[in-house]
Amino acid sequence: MRQNKAVIGSAVGFIGVMIIILLIAKPSALIFGIQRAGLYAAIALPMALVLGIVHIVNLAHGEMMMIAAYLTYSICVAFGLDPLVAMVPTAVIMFFVGMLLFRFTIRYALKAPELNQLILTFGLAMVLSQGINLLATSQPRKLSVDYVTSSATIGNVSFGTYDFIFLAVAVIFLTGLMLFLKKTRLGKAAMAVGQNPVGAQFVGINVISTYTIIFAIASAMLGIMGAFFITKMSIFPTVGGAYTMKSFCLVAMAGIGNLPMVLLSSLVLGISESAVQSIPGGTGWSPLVFFGLIIAVILFRSYAKTAGVK
Amino acid sequence: MKGRLLFACALLLIIAAPALIMASGAADSEADTIKFGGVWPLGDITGEQGSKAAQLAIDEINANGGLLGRTVELVIIDSEFSPEKGASAIERLANIDKVDFFVGGMASGVHLGQIPIMKKYQKVTMWTGAASHLAEAAVGPDQDWYFHLHPWDYNQGASYVTGWNAIAEKYDEISIDRWFLAYEEGPFGSSSFEATKMLFSDLEVDGEAFQTAAAGGGDYSAVIERAKKYNPDVFIWAGYDADALPLMEQSKTLNFSPALYVGAPPGWPADFGNSPLAENVTLYGMWAPAINAVSDVSKRFSDGYVAKYGALPATYFAPLGYTAIMILAEAVEAAGTVEKDAVIAALEAIKYESPLGEIISFEPSNVISHQGIKNQKILQWQNGRQEVIWPFEFATAEPVYPFTPWGER
Amino acid sequence: MSILQTKKLTIKFGGLTAVNEVDFSLESGHIVGIIGPNGAGKTTFINLIAGLHTPTSGSVFLDGEDITAMKPHKRARIGIGRTFQLIHPLENLSLVENVMNGFLFAQDFSVPKARKAAVLLCEELGLSRLERPTSQMNILEIKKMELAKALAVNPKILFLDEMMAGLNSDESLEMISLVQKVTRSKNLAVGVVEHVMGVIKQLTHSVVVLDGGEVIAQGKYEDVVKNERVQSAYLGGGA
Amino acid sequence: MKKTLNRTFLIIGVLLLAAPLFMGPYAQSVARSVLMYLMLAISWNMLVSSGQLSFGIAGFFGLGGYASTLAIVYLGMPPILSLVFAFILVGAAAWLLGLVALRLRGMYFAISTLALAEIFRVIIHNWHGFTGGPNGKLLPKLIFDGASVPTYLLMAVLAAGTIAFSMWFRRSKFHFAVTSIRDNEIAAMSTGINIYKTLLMVFAVTSAVQGLVGASFANMYGFVTPESSFNMNYTLLPLAMTLLGGLYTTWGPVLGAVLLGIVGEYLKLYIPYGHLIVYGIIIVLVILFMPNGIVGLSGKLLNGFEARKKGEVQL
């Protein structure tokens, strides 16, 4: 617990220092960074949920969001709906897609070493993205909606206002999940299963169905994110891969099972990336900052943990 | 334990056996067929449409009685965007399928792996992709069998200089003194930037990289902000199709509307033209359906493609693939044989009217002696269609200038 | 002359002092019982000597040499062997391979030589069918294997953490005589953590009683159990 | 009996390695790429035998490719020597990075290797003057001037060496050390195993092998670029191949690489558009129905050997 506080403390401290520096030097970079962090966090949270409770690293994470985005796209094109309306059917469909995927594939790899789960979900990712490639070609698609380009200007800094929606989604996801896990029966059961599956079984919790529901909930969250995603970004069959990797890194940086830290880590990464990119010629180096920070945080935490215990 | 070992070996043999047969038993090739071997990344729309268009050309030739009285055939192999797969594909085409010509191509990263293999066989090669000057260096001088249709990166750069100068000269109101290039940080974008800086050295040029959405990026705020501050006459972004609409949207969000808004991706997203954001965006390309209005060959190609595959081609790699087959066929026809030297001689003399509009003939470029197309075209999205604005001989519309500000559309 | 000594050995985890200024020694050929209620710090104490924890203060001496800062694997090499309260068979190695480890790494034997030595040691302890995976062994065999693993490092001192847990009385007796036999034949200094007082009584030469991380009594078993502090510690009254 | 079997096996192995020599350049080209993945898979499998999951294969592969290329371009090193140079340089780099990264375990180690691989790529990508930047670098000429047979022979020798190394590894002290570390670090420590040093050595040597493979890739195809040399496929495919064949054995990755390599080549001939879906489906089905890989499955079939639940088989 102690080391956790230290990590949270330093994350908050880091964010604070960055905010002050950027507010003075480059306020726009700060705004872009926060917006970017929202997107990262909103996509990473479902992965953190699955990893924390089902203990599966889902390498098909980004691909599931990609599927959701294509679903939203098809629904919008077929019925002329707004993506934020199509979000509802997408989330519902994704809930069941997640359920089926879990029931028919991932469930059977639960007892296997984690490597099997990795490769299984890697195979699923390949099937999903190549399937979409065959159905929809590699040509990117995008829905254009007007409100996406709404903007505001403060002083001489203009920025998009819509982009804050990702931060809002992340915060809503986070508080929703925390409430769900702490207050509802199902959520408490899920927490119990996540911490001790064997023990949970003894007190009469059906572990497999809890896993299934959690995975389905995470998939529905990805469904919602898929709809938001296509309002801002183009989608194409391989769009998910990069987000799988980013989410994986963020979740590792946050620490397994630590949902609020996902948001904090996203802020650290988003703002730092944005700060580096605001320096002329800095873009090429921003992945270095991303990955360097992740290693630094992981190492820091490991040292904090082992201090005193070998 | 030893039993398992034996089992493992037996299994290896069982797996390997069909491979042995597959690899050693040459495909039963009829002496009567003229064979083209094509390698494209089939999972990508460029390779998919390029290969399909090449197949269309093959079908057309056969429908017209074949070539030299023989039927023609196209063997297509996927490069999977991987150099080792692309190289193996060339080996297969040369040794198993025993093709007469190599065609196809997309992506320099794959082609670099294929070039050494191609040099080994020195079959007449008509390549439609790979723009990197590094690929040209890898081919090297004195390779008379190597024909390259797609302009090299520096050709493209030079053609933009020519094009913009011509446009600025013709239309007084258009000014092109201050340039800003937003480029994706990969090889495509950064070499575009290098080339632009060099070629437009007498003008003011600045630029900034962004991470393309194709590689997990998609946030252009930083680069747009810098461009806005720089206030260029011409703003060019060199990225991929996935960047197009988000970039336009973010430009609108940040209210950035330069007088010339130019996009230079190798392809455009589906339905880009339908977006109100697309209007008046200028672009580089080699072909657009609009060319059908000025070129009969283009129209014939385009109608044939629609008839066979049910949709207009979305990338210029389709007409390039078609051209690769047709130009070789015409040379074979002229040479009266598939014999290498004769075909090369015929190709050196050829003037092929292509669906791209140009009449293609081969001239030396920096390193190789047989470079086909040297120009990209400058086009503009107008009313949802790509219209050619330069070269003027293929122009299908006048340029709209300046780029309509976001507030007025 | 004692072979192992601790001086004011102390470790704190956060606010909790798990082991507090413990002075302790072991002599070759002697078996010392380490007893105390749950949470008294017995296993932590063994872990400190084995090097799994770094003490907050105090030191550990082996043969007069200060080994307080030594890494655990080095301690195995200089002759500290131990078994674990929660048994740790290496499930992807067979019985004999489990035992070979100590010979290979603590004694630097070659693989064939280690195998021979391990086979001999296993036979000495009454283990058979040595190529079995550990999942096919019963609890007594596992316990014997754990003993063999500890003996394979060629220890001078040996710590046995709850060796008898899970064994029935016949099996316990067998283990007791086995431990006594190897102690004699190898002239070992042995520390035994055990809950079953009968075992302690039968097996040990003397006992040390820990409570709340402190030594509250030591001496002959018969004397120590009469000690008031010991009795109240075991009854839960606290010292 | 044992001797005959050993001999049979050796003959089959040599025959299989030699077969492509008589089957023409196409077979050699495919076999070369199979051998490449095979070496990556074997080396990765050695490290994973200690329980440490590396996601950095592509990183060391790319680093090796660049080390060899740059040594040839700038120092005029002969190609074969540049392979050795890449082996040593990548091994040394892995050693240094391992000093820090091997303090981590499980997912955290995996992530940090992944991050390191990306960091290599970013540095090489941005170091325009030295590495050629995003465009990459060309080699002046291919190894053996691109002649198919000697190039294949080189790969066959390297692969045979890697297999032999892995076989030795699985009989040596390292086998006991890494297996113990994977099973239980504390128990391993108490038998005298220096965990940190063991892991460091295995990490450095297996990474060096991956660097060597990357260097031979560069020399076979004559170029390096950040995109192709650090491609994630070089990390993920060896993992899939190892799992398909069977973890913790020498022959698992061999089988897996041969099978997936050849199946991949087959599939695309018959299903030109969309063969990668089938490839993905095969991976999914194999994991679901053969969780211990082919070697594990065959072990069970032959011995009715159900006891070791992790399906480990010693060959």
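For clarity, chains are labelled A, B, C and D in written order, and residue numbers in each chain start from 1.
By our rule, a contact is a pair of C-beta atoms (placed from the backbone, for glycine too) under 8 Å apart; a residue touches a chain by one contact, two chains touch by 3 or more.
If you're wondering where the values come from, they're calculated on a predicted model, not measured in any experiment.
A count of contacting C-beta pairs for B-D and for A-D identifies B-D as the more extensively joined pair. The most central chain, judged by C-alpha centres against the centre of all protein C-alpha atoms, is D. With centres taken as mean Cα positions, subunit D sits 34 Å from subunit B. Subunit A and subunit D have CA centres that are 31 Å apart. The distance from the centre of subunit C to the centre of subunit D, each centre being the mean of the chain's C-alpha atoms, comes to 42 Å.
The mean-CA centres of subunit B and subunit C are about 73 angstrom from one another, to the nearest whole unit.
Residue positions of subunit C touching 2 or more other chains, listed in rising order: 52, 72. Multi-chain contact residues of subunit D, defined as those touching 2 or more other chains: 125, 273, 276, 310.
Counting partners per residue, subunit A has 130, 133, 241, 245, 284, 287 as the residues that reach two or more other chains. Looking at the complex, you find that subunit B touches subunit A at residues 43-45, 48, 185, 208-211, 213-216, 218-219, 221-223, 225-226, 240-246, 249-250, 252-255, 267, 269-271, 275-277, 314, 406. On subunit A, the positions that touch subunit D within their shared complex are 57, 105, 108-109, 112-116, 118-120, 122-127, 130-131, 133-134, 241, 245, 248-249, 252, 256, 284-285, 287-288, 290-292, 294-295, 298-299, 302-303, 306.
Taken in their complex, subunit D has these residues touching subunit C: 171-173, 176-177, 179-180, 182-184, 186-195, 248, 307-310, 312.
Interface residues of subunit D facing subunit A in the complex, by the touch rule stated above, are 48, 53, 100-101, 103-104, 107-108, 111-112, 114-116, 118-119, 121-123, 125-126, 232, 236, 239-240, 243, 247, 273-274, 276-277, 279-284, 287-288, 291, 310.
Note for the complex: subunit D touches subunit B at residues 1-2, 5-6, 8-9, 12-13, 16, 19-20, 22-30, 32-33, 36, 125, 132-136, 138, 142, 146, 148, 217, 221-223, 225, 227-228, 231, 233, 251, 254-255, 258-259, 262, 265-266, 268-269, 272-273, 275-276, 294-295, 298-299, 301-303, 313-315.
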